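Letters are used for the chains, namely A, B, C and D, taken in the order the chains are written, and counting of residues starts over at 1 for each.
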Amino acid sequence: MNFSVPAQVLELASRVKEFVRDIVVPYETDERWTSHGPTDDLRRELNDLARKAGVFAPHVSKEYGGQGLSHLGQAAVFTAAGYSMLGPVALHCAAPDEGNMHLLDVVARPDQRERYLKPLATGAGRSCFCMTEPSPGAGSDPSQLLTTARLDGNTWVIDGEKWLITGAEGAAFAIIMAKVVGGEADGRATMFLADMSDDAIKIERTLDTIDSSFTGGHAVVRFDQLRVPSDAILGEIGEGYKYAQIRLAPARLTHCMRWLGSAIRAQEIATEFARRRTAFGKVLGEHEGVSFMLADNAMDIHTSQLTIWHTAWLLDKGEKASAESSMAKVICSEAIARVADRSLQILGGLGTTRDTIVERFYRDVRAFRIYDGPSEVHRWAIGRRLVRGHTK
Amino acid sequence: MNFSVPAQVLELASRVKEFVRDIVVPYETDERWTSHGPTDDLRRELNDLARKAGVFAPHVSKEYGGQGLSHLGQAAVFTAAGYSMLGPVALHCAAPDEGNMHLLDVVARPDQRERYLKPLATGAGRSCFCMTEPSPGAGSDPSQLLTTARLDGNTWVIDGEKWLITGAEGAAFAIIMAKVVGGEADGRATMFLADMSDDAIKIERTLDTIDSSFTGGHAVVRFDQLRVPSDAILGEIGEGYKYAQIRLAPARLTHCMRWLGSAIRAQEIATEFARRRTAFGKVLGEHEGVSFMLADNAMDIHTSQLTIWHTAWLLDKGEKASAESSMAKVICSEAIARVADRSLQILGGLGTTRDTIVERFYRDVRAFRIYDGPSEVHRWAIGRRLVRGHTK
Amino acid sequence: MNFSVPAQVLELASRVKEFVRDIVVPYETDERWTSHGPTDDLRRELNDLARKAGVFAPHVSKEYGGQGLSHLGQAAVFTAAGYSMLGPVALHCAAPDEGNMHLLDVVARPDQRERYLKPLATGAGRSCFCMTEPSPGAGSDPSQLLTTARLDGNTWVIDGEKWLITGAEGAAFAIIMAKVVGGEADGRATMFLADMSDDAIKIERTLDTIDSSFTGGHAVVRFDQLRVPSDAILGEIGEGYKYAQIRLAPARLTHCMRWLGSAIRAQEIATEFARRRTAFGKVLGEHEGVSFMLADNAMDIHTSQLTIWHTAWLLDKGEKASAESSMAKVICSEAIARVADRSLQILGGLGTTRDTIVERFYRDVRAFRIYDGPSEVHRWAIGRRLVRGHTK
Amino acid sequence: MNFSVPAQVLELASRVKEFVRDIVVPYETDERWTSHGPTDDLRRELNDLARKAGVFAPHVSKEYGGQGLSHLGQAAVFTAAGYSMLGPVALHCAAPDEGNMHLLDVVARPDQRERYLKPLATGAGRSCFCMTEPSPGAGSDPSQLLTTARLDGNTWVIDGEKWLITGAEGAAFAIIMAKVVGGEADGRATMFLADMSDDAIKIERTLDTIDSSFTGGHAVVRFDQLRVPSDAILGEIGEGYKYAQIRLAPARLTHCMRWLGSAIRAQEIATEFARRRTAFGKVLGEHEGVSFMLADNAMDIHTSQLTIWHTAWLLDKGEKASAESSMAKVICSEAIARVADRSLQILGGLGTTRDTIVERFYRDVRAFRIYDGPSEVHRWAIGRRLVRGHTK
């Protein structure tokens, strides 16, 4: 057993942290970081800075100019990037693009790679992942999928409504989950690729949400008889759920990595404040009521870090790590939310203002206990495995 | 012992709830409810509607057109008002005006009542309470007060910076806490009344904050050689801390009342959703993972309600109830925050959006664990009383 | 609304507290307080002392020499008695006798009152309540009842095994829950009265349990063709579940009352220790890490007290208060367990020893989250009411 | 980074688990496992069985017949041993002997090794560690040491009272922490070695405690003019605190390892029960209220495991790991206590009885949040490091 991070990864993570701290953090007060996330203009500016600093998209395969980081490598680098919520935007390792790249890398045909993955990987354009639907459609339970795909000659006709589609506004293309109607695959979920420029795709509105760190925000998207050619299927027909799983386990973990970076930042801000601000005759940090919160933050950061590393190691070994990535999602999302909460509390009145990044982090990270499976769905899955005696 | 609410109070509370539900709630999507709180224009419109419905400012003494509600009466009515975060704005029982009215009612001279309390009580204008200062000034520890008042002939000259001053933007007058410099009261905190129209009072900026339900938002206010006459002192010179305590105990409790109303609303929204939204073969509410959260909400609402009633009863008996109002503040602010958190979690993706009021409630109520004394300061005070053997 | 406790009740509670503190507490080191509870010998000695002090069985109706305390009266007096875990034993208001008296008082025929209630109420003998069965029988789910009652001529023949039967060892009689087999009431739960001296009732063993405050401990009891006359039915045939509910709601609440008394005691012991024991340059109580725990204890005691009062008031009004007594059970059992845990933690090494009563209280109160419905069953019931829209 | 456990360690851990499950577990109902811990007779019988199985004392250096396990090796093996609370007793890797062996191994002179370490390492006799004193002596704050050592010619005269001295009853020798009075080292803590057979050492009583898994229980020990030769000092004069630290960091971690084994056992018992016991129409484990508890157990076990491994790795690298071992102590002791609590709750009525080992585990592990530094002392230390900016 060995917890050493390879020198090469450490060096890259260290450069990323420096880049984020010196170059990205000052952008946190940029007006282009709106309540619907950073604008594409800001995103591109940050991407250019990352390219210049040699830290752009290091997770991408070397084929597309990246460094093909392992999951453990990502653990180090994405956490460094997450030090600012704009860091993953700058490095182009934010959701949903990062997860989409992974999915396409595993599943896409060569021509799809060329057309969709290549421009995505190089940052030429963005993408979105259209799975979630409003009630009574597919939310926590993907089997409630209502969006349909019907074969009309050589063309698939897709109809339905999606929502909470992150980054839809401004995306070049979409991966759409739909239920096949008719034919041999009748009733089975399937993934399709489509250009967002298609007139049959309508962004009905951008939702006002508690979080604001994803480029393009979260949109309601409608498909009105969207027609795509028969080869627009990603992978095999009827394998949508399988691919969603392929995407999800690592996607969950990269969320953990990025948010861990923000937790470390919040803890730094709270600690620095606790060293300086006085009350009742001494600095806050000399009050146990405050220092115990800092200690609890440190422990939550510690266990989150270890959990991420362990699951990343399993993924690097080629395991599915379903149970472990579920546990990592719950452990990290809840631990990091506590760090955000305590950090805000330590800052007191200042914590309630946008004068530090902690307020925004607190709001953003609230959604993390919900997306990619709410804690309840993961607890249910973890518990069911135990009760039914599955090893994994 | 008797937990019955008098019929007259029940009737008023019932009318208030109806008014809020039917008239106020639709305003929750009004664009004049900004991220810095409702505009004064919206506030006045809501005040007029409340007057028309006969529910305006029922806590105000009959002298000024109110009903002189007892603390227990307020418990019922303010909770009904809090069903919408705009309800207390409409009824003119929101912070800081409601607390300022109480303070002026107890402390102000007849001429000050006429000049300040009367227009405030009737809703002609708003007020602000200038106590909190940025680090290293008076925050949780009021003894760190840095704003000074120096007597220059017959005029007090006030200098200093305040922040997180709720409702300063648009307020007619301010109650200012400053430390006397020189003279017999040297070093002692004193309250002053001043018109906000004075050029020496500068609103430097309105803070971007996590909450957004207070009219005028929270501002940074600077006094640059603000000159007020010698009779601008509220009450006695040097008694600032004592008056702050007079204001605080009931002010804390009315916060609890109003937020309890919002918690009841969130629970209703979450329950309704849990009855309708399906996942994994049944409605959410039939999953114990969800129904246990609803049960915990019910219990947190129950204990909050009982705690408020008990402290209100003590205040009505004329007790200071310092220990009990501290406990009520901690118990309610934490219980209600948990209700907000669970309700949002039950709503899942919907909960992260502004499509229900729960998202805004979740954010707003976060600040409640900080203002009027963060939980840590109250725990410290409660614990100290126990250790040092004070009965109260 | 009014939280005053009537002077007469206050006076009695005060006498009870004094009796418990001065007379009962010294018995806490008596060797007759075994790991299976106080012996009957000790119980009788304590009963005599209580009689002498004029505080014996004040909840019992005047007919049997008691004072016919209301539920609110019990709230004050049982909490005072609970100051020592031997207090309720001394006053003869401990489980299961106290609940059995209530049940018999509501349901028993005159001849049953004379034969069973009278000697029970006057402390001549004890009783037990035989409902719980080992897996796969009736535990949390009473509908899994396996013990049967079969009519053979004029005689009921009862067969089955019960366990966790509190006080069975030494009891004069039992109330037995059994499922009728055959006849019109086939399959319906029914309560029977039987003398424990019957040879067909075998106490197989007394269980070693985490708690030790109930006289007689908890036993495994077997009925081997126990024959009782047809008039041994308590109340009506087939109404067993209804009577169980009649017994349960108040029985749960009296548990809350008694344990609250122990929580107050633990808090006193912890506070006194925190005032005296030093570490790192000051007394423990001046460390926020300790004083915050005392403050949390105070708040948990406060909400438990209020919850008990409220439910008692409802019961006194004649309401069933099913929802409220469920909430009170969960709120109090969990809050009081936290008080026990924090008090033990404050005492440190001393807390792990039997040199204070806190260690025993900590263990005993652990079972309170399980008996009379585990927290999970109550949360399930509370949540179901909310989801299904029942008001009560 | 690599989380693989070496095959050799895995193999040993697997043999230990098998030994504990098949040979040791049946002893859990042996009457020689008293409320003051296993008797020495039982301990020796178990030791012999472990020797026979080839798993005795694998942590001991090869010089004394052990396998000189690294900290990571211990993590695997001690956790396997902890599957039964008697496992560490059988393998002779329980506290305080295991920690004393480590201390002696690092600090003792060759003649002291021969006289004290050798018989201890081979299981010929046991030892105790006399540091803790009753109030107002050394508890959480070792600097309050009251036991004195005064040089009288060539002899040290030791006076004082210790308590909570684990294993004193039946121990062959003691390591005594005392404060030197007079001379150059005046006032400095120093460790002494003494035979427990000395008449000047009196075991005043064995404490009744909440836990019961340590051989010999916990005693009050008095030194009345205990005279030991000048070479009875362990290591250097005045270095007592330093040695206590050398002992503590690994000793804390081995506690975590052993208790983790018991947590795994409790989770197995609860899971098995949840698969079998029915309520309300299905097995408990199909109720989310239960399966979520199993899931939380799994996550607490997971983070405990990872935290132990990480700190063990640091210790193996030769680092002091003070911060990490403090964090591991708090994280594991609190997580494992939650596992015990949930497991007991899942078992319901059964959980409150000694019919499963969970009841005993629940009680024993309560003390773990107190010994080797209560959570509060560790949080204080962790927080202080952060506030004062120490890296370690």
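In this section, contacts are C-beta pairs under 8 Å (C-beta built on N, C-alpha and C of every residue); 3 or more make two chains touch, one makes a residue touch a chain.
Being a predicted model, the structure only gives us computed values, none of them experimental.
Enquirer: Enumerate, in label order, the chains that touch chain A and chain B alike.
Expert: C, D
Enquirer: Hey, which pair has more contacts between C-betas, B-D or A-D?
Expert: It is A-D, judged by the count of C-beta pairs in contact.
Enquirer: List the centre-to-centre spacing of chain A and chain D in whole Å, with centres computed as mean CA coordinates.
Expert: About 42 Å separates the centre of chain A from that of chain D.
Enquirer: Please report how many Å separate the Cα centroid of chain C from that of chain D, as a whole number.
Expert: 37
Enquirer: How many angstrom lie between the centres of chain B and chain D, each centre taken as the mean Cα position?
Expert: 52
Enquirer: Which residues belonging to chain A are in contact with no fewer than two other chains?
Expert: 287-290, 292, 376, 379-380
Enquirer: Which chain C residues qualify as touching chain A in the complex?
Expert: Residues in contact with chain A: 287-289, 292.
Enquirer: Mind listing the chain B positions that touch chain C in their complex?
Expert: Against chain C, the touching part of chain B is residues 1-6, 72, 271, 274-275, 283, 285-286, 288, 290-296, 298-299, 302-303, 306-307, 309-310, 313, 324, 327, 330-331, 376, 378-380, 382-384, 386-387, 389.
Enquirer: Along chain A, where are the residues that touch chain B in the complex?
Expert: 132, 134-136, 139-141, 143-144, 163-164, 207-211, 218, 276-280, 287, 289-290, 344-345, 348-355, 359, 362-363, 366-367, 369-371, 374-376, 379-380
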